[in-house]
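Think of it as A, B, C and D in the order they're written, each chain with its own count starting at 1.
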Amino acid sequence: MNIGFIGLGTMGKAMASNLVKAGFSVKVWNRSQAPVEALVALGAKSAQSPADFGDVEVLVSMLADDATVQQVLVDDGAIASLKTGALHINMATVSLKLAQSLDAQHQQQGLGYIGAPVLGRVDVAEAGKLNILAAGKAALLEKAEPLFAVLGAKTWVFGESPAQANVVKLAANFCLASAIETMGEASALVRGHGGSGQAFLDMLTNTVFAAPAYKTYGNLIAHEQYQPAGFKLSLGLKDVRLALEAGEAGKVPMPFASTMKDNFLDAMAHGDGELDWAALATVAARRAGLS
Amino acid sequence: MNIGFIGLGTMGKAMASNLVKAGFSVKVWNRSQAPVEALVALGAKSAQSPADFGDVEVLVSMLADDATVQQVLVDDGAIASLKTGALHINMATVSLKLAQSLDAQHQQQGLGYIGAPVLGRVDVAEAGKLNILAAGKAALLEKAEPLFAVLGAKTWVFGESPAQANVVKLAANFCLASAIETMGEASALVRGHGGSGQAFLDMLTNTVFAAPAYKTYGNLIAHEQYQPAGFKLSLGLKDVRLALEAGEAGKVPMPFASTMKDNFLDAMAHGDGELDWAALATVAARRAGLS
Amino acid sequence: MNIGFIGLGTMGKAMASNLVKAGFSVKVWNRSQAPVEALVALGAKSAQSPADFGDVEVLVSMLADDATVQQVLVDDGAIASLKTGALHINMATVSLKLAQSLDAQHQQQGLGYIGAPVLGRVDVAEAGKLNILAAGKAALLEKAEPLFAVLGAKTWVFGESPAQANVVKLAANFCLASAIETMGEASALVRGHGGSGQAFLDMLTNTVFAAPAYKTYGNLIAHEQYQPAGFKLSLGLKDVRLALEAGEAGKVPMPFASTMKDNFLDAMAHGDGELDWAALATVAARRAGLS
Amino acid sequence: MNIGFIGLGTMGKAMASNLVKAGFSVKVWNRSQAPVEALVALGAKSAQSPADFGDVEVLVSMLADDATVQQVLVDDGAIASLKTGALHINMATVSLKLAQSLDAQHQQQGLGYIGAPVLGRVDVAEAGKLNILAAGKAALLEKAEPLFAVLGAKTWVFGESPAQANVVKLAANFCLASAIETMGEASALVRGHGGSGQAFLDMLTNTVFAAPAYKTYGNLIAHEQYQPAGFKLSLGLKDVRLALEAGEAGKVPMPFASTMKDNFLDAMAHGDGELDWAALATVAARRAGLS
């Protein structure tokens, strides 16, 4: 099966590499050239442009955000270049609105389309252990499964409408942000009474909250280790905004998300946009007058 | 070592039983008589009144709330009956204010005092696997450790001031409530776009949120199984209020806790106070017009 | 008609003075002596103690808060000293809980009781132009009206249950705090885009928001004139907390009140408790990184 | 002076009529024809299309929202049709983003541009008593003043950058929504304790909150008179969203606005989008279980 792969950022590069290593014929494109060369060294082919995917059966894309997806896939012609019947698997975290618009465009063009954002950071992608949140027609999901088996530990299916997967991804990211805010407020409470936030988080994340999300971010918060950013706070704000926009589209009040957006803005206004989004936890501490 | 034990509710009964089985000499008191008889059948002695603990070295109490603690331990004379140098281990979840007041009273009376609330529901107490959140003077904690070893899987120490343990417990319960609210809003978002809340929560609690707190409550929310109540919603409201009061005492803004208190009230106003506090999740759904 | 008057703070002194000047026979008590002497100079009599009001037909009290009301009226025996059939008019802003408890106590003792907190600051009290928010039995209100006519511009009646007036007063103070927070956020928005908060507030409070509440606080906010405090921020926090407690008692979610409590705590944590409560508006500005 | 006027909705029709009556030569365009004919009957001229304003010195536009402004003024060529040096006065409530984009476009085209949204409903517009919130270069404002003098009671100037006026307008509308929410929560508190929301609002809006905004909406809330809608709830949601977007652009947390957005969504989810936005007040009541 000929596969196209667009978007070789840290996540995309790891994923495309795994596909090449698994024996797929992969043709890649990326805005900057270095990761392309790395992939070619592994055995991939290089596309001439984003619009050079007329010969693939399946196009996988892993781009940064709505603007990039719109630019590369739509404006620069990637989708338009696909042949009738080809399948596009969009693994980026995008807005519900863009997800719905892409779905419509693929239908009009006679293309298959799957929304398949992932849970997991770069090390998980490298290990091929991502959790893949997928939605699309059953036949298309079946076609995609050999690729998903290489990229992920498990594929979770959320219905036939591709945008459903994007809603789930936004909901999951909302939960991650909420875990950070929760630990931030709880730590501030403990510290505000002279206790140790670190001791509290150590207990919390090794007992009832012994989950990857809490361990990862609890550890960063406990040690105030916000650099280098695994995921920038400014991007966390964006994801919470996308969840709120999806909430508004569905008439779903989300007061935790609203509260967090304000706290993200507080952090941004204090110059913390480039820190890891775990730094959202510093807002509760600062408001309580804790250093 | 002669031990007293006051408060044989479902938690206290399981804990006292474990102490008896471990070979301690235990004298018990409870407002209702049935659990006293069950303990006596195991080998415990029965106290004549709450004020009949002048012969114990260590008094353990596990009472329901501030009012009961005040009534039984203070007004009915349990603490006053202790001999100088005795140690009282208070394992109830109480307000910061009461915890501080009890600490002062014990000091005045020449008694040792440890705050030691626990994490874990009845089955965990029965298995002797509680997480014990303890604070008090090091020598007292050392004296208590043989009991803690029987009651719990691990003792987490949070400083020399007994009330610190109560702050930590309130912070932890706040985190549990926050997990419920988070799953409630996220599920509403997914459902508001036609997706399955159950499928979403199944994925969430088996991936990045695979922690006991999320699994327990995620499962209840997914199946809308709010009866019988493991922990009543009205008590959840109380605990969030206690966290907010502790926050106010420490000048710590806690917007998530504030939001939840309003949602708990929404649930109370709709007649859900007797349901399990996981029913907090129904508020987000109702507000979004989901059945 | 023999009148007793307890509580000669700035408000109470102005009110008692007006009653004396209007020709009533007034017997006064106050913790500190200076205002008593001032009233005596106007023609009032001085009580020996808070419990020296057995000879009055109507006792008016204007005390600072719950604790003082409890101390002076209950513990120190003022209410107990009243003769059967006497009327007590409580004009203080107290909690709903205390208001209900006082109502019950008066009923048991065969006394009349009216809750009658007021709207208006000291200058309004001096001018006898207060708005009196009253609740109580119709016959009692009729008996009180000659006094109200001296003290206030208008008496607003809110039912037969005295505590109703206290709920209305807490609701009104909540509205005042909300006006401050609203102007704080709106000004921060304008300033965050380089505009003048002062010009904005000037327009706002002279057009659609040309009301005393907005003019008074809008002016203080526009000129950042938070000292001397007309009403301390720490007392504003207390009143919002009382509104929230009343909300909880009635199962009424009040998200604006919750948000404000967190912002009041933010201000307290930053050392602003002694400023005028209009300084609540500085929280929004600080969070936005505005100086 | 030759004036163009685009947008003859209820507000625009009243404003354009006043300009004609004041003796200005006015050329009008509107999507639907009826109001055009009404204006022509008063003495106005009718434009052939939105792009038929090459002969005016000043173009006034009063369109409904961002989408309509973009369609009529930009896509359909109204701005492009203006001659170099002409002045465009945009009196619509638009987003900060569109306001900034329009400003840039006018500069590129060598046109004058003023942002001048208004405060006041139709009756105020008819009476020529609007409050005009204006921003733009001083010379342009001077040129516009003869028109403003006809349309409004007063012109409030907010700087040289036209978009500043739009921020002020969004801030003012946020304050109006906040007044509604405040009255909604306060009334719910009073009603939740058996009091009369109507009596409370009557007192409130005739004492410290005796301002047009509170009187207008307090009256609608007190009598639950949400139809016909003076301003639709769905448009109120839009305006609060625009304020939040402006807040995000300026890194200004606005927790009251966030809370309101969630409450607007609650109202929308319960089918109240077509009611007057005063119906926002019903959310607090419903959440408290009040009928």
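Quick notes on this structure:
Here is the rule we go by: contacts are C-beta pairs under 8 Å (C-beta built on N, C-alpha and C of every residue); 3 or more make two chains touch, one makes a residue touch a chain.
Just so it is clear, the model here is predicted, and its values are computed rather than measured.
For the pair subunit A and subunit C, chains touching both partners: B, D.
Looking at B-D and B-C side by side, the one with more C-beta contacts is B-C.
Subunit B and subunit C have Cα centroids lying 39 Å from one another. Here the spacing of subunit A and subunit B, counted between their Cα centres, is 37 Å.
Each chain gets one centre point, the mean of its Cα atoms, and the points for subunit B and subunit D are 53 Å apart.
Residues of subunit D in contact with two or more other chains: 247, 251-255, 259, 262-263, 265-266, 269, 287-289. The touch graph of these protein chains is complete, with an edge between every pair of chains.
Interface residues of subunit D facing subunit B in the complex, by the touch rule stated above, are 255, 262, 265-266, 269-271, 287-289. Taken together, the subunit A residues at the contact with subunit D in this complex read 241, 247-248, 251-255, 258-259, 261-263, 265-266, 268-269.
Contacts from subunit D toward subunit C in the complex involve residues 96, 119, 131, 133, 154, 156-159, 161, 163-164, 167-168, 170-172, 174-176, 178-179, 181-183, 185-190, 192-196, 199-200, 203-204, 207-214, 243, 246-247, 249-257, 259, 262-263, 284, 287-289.
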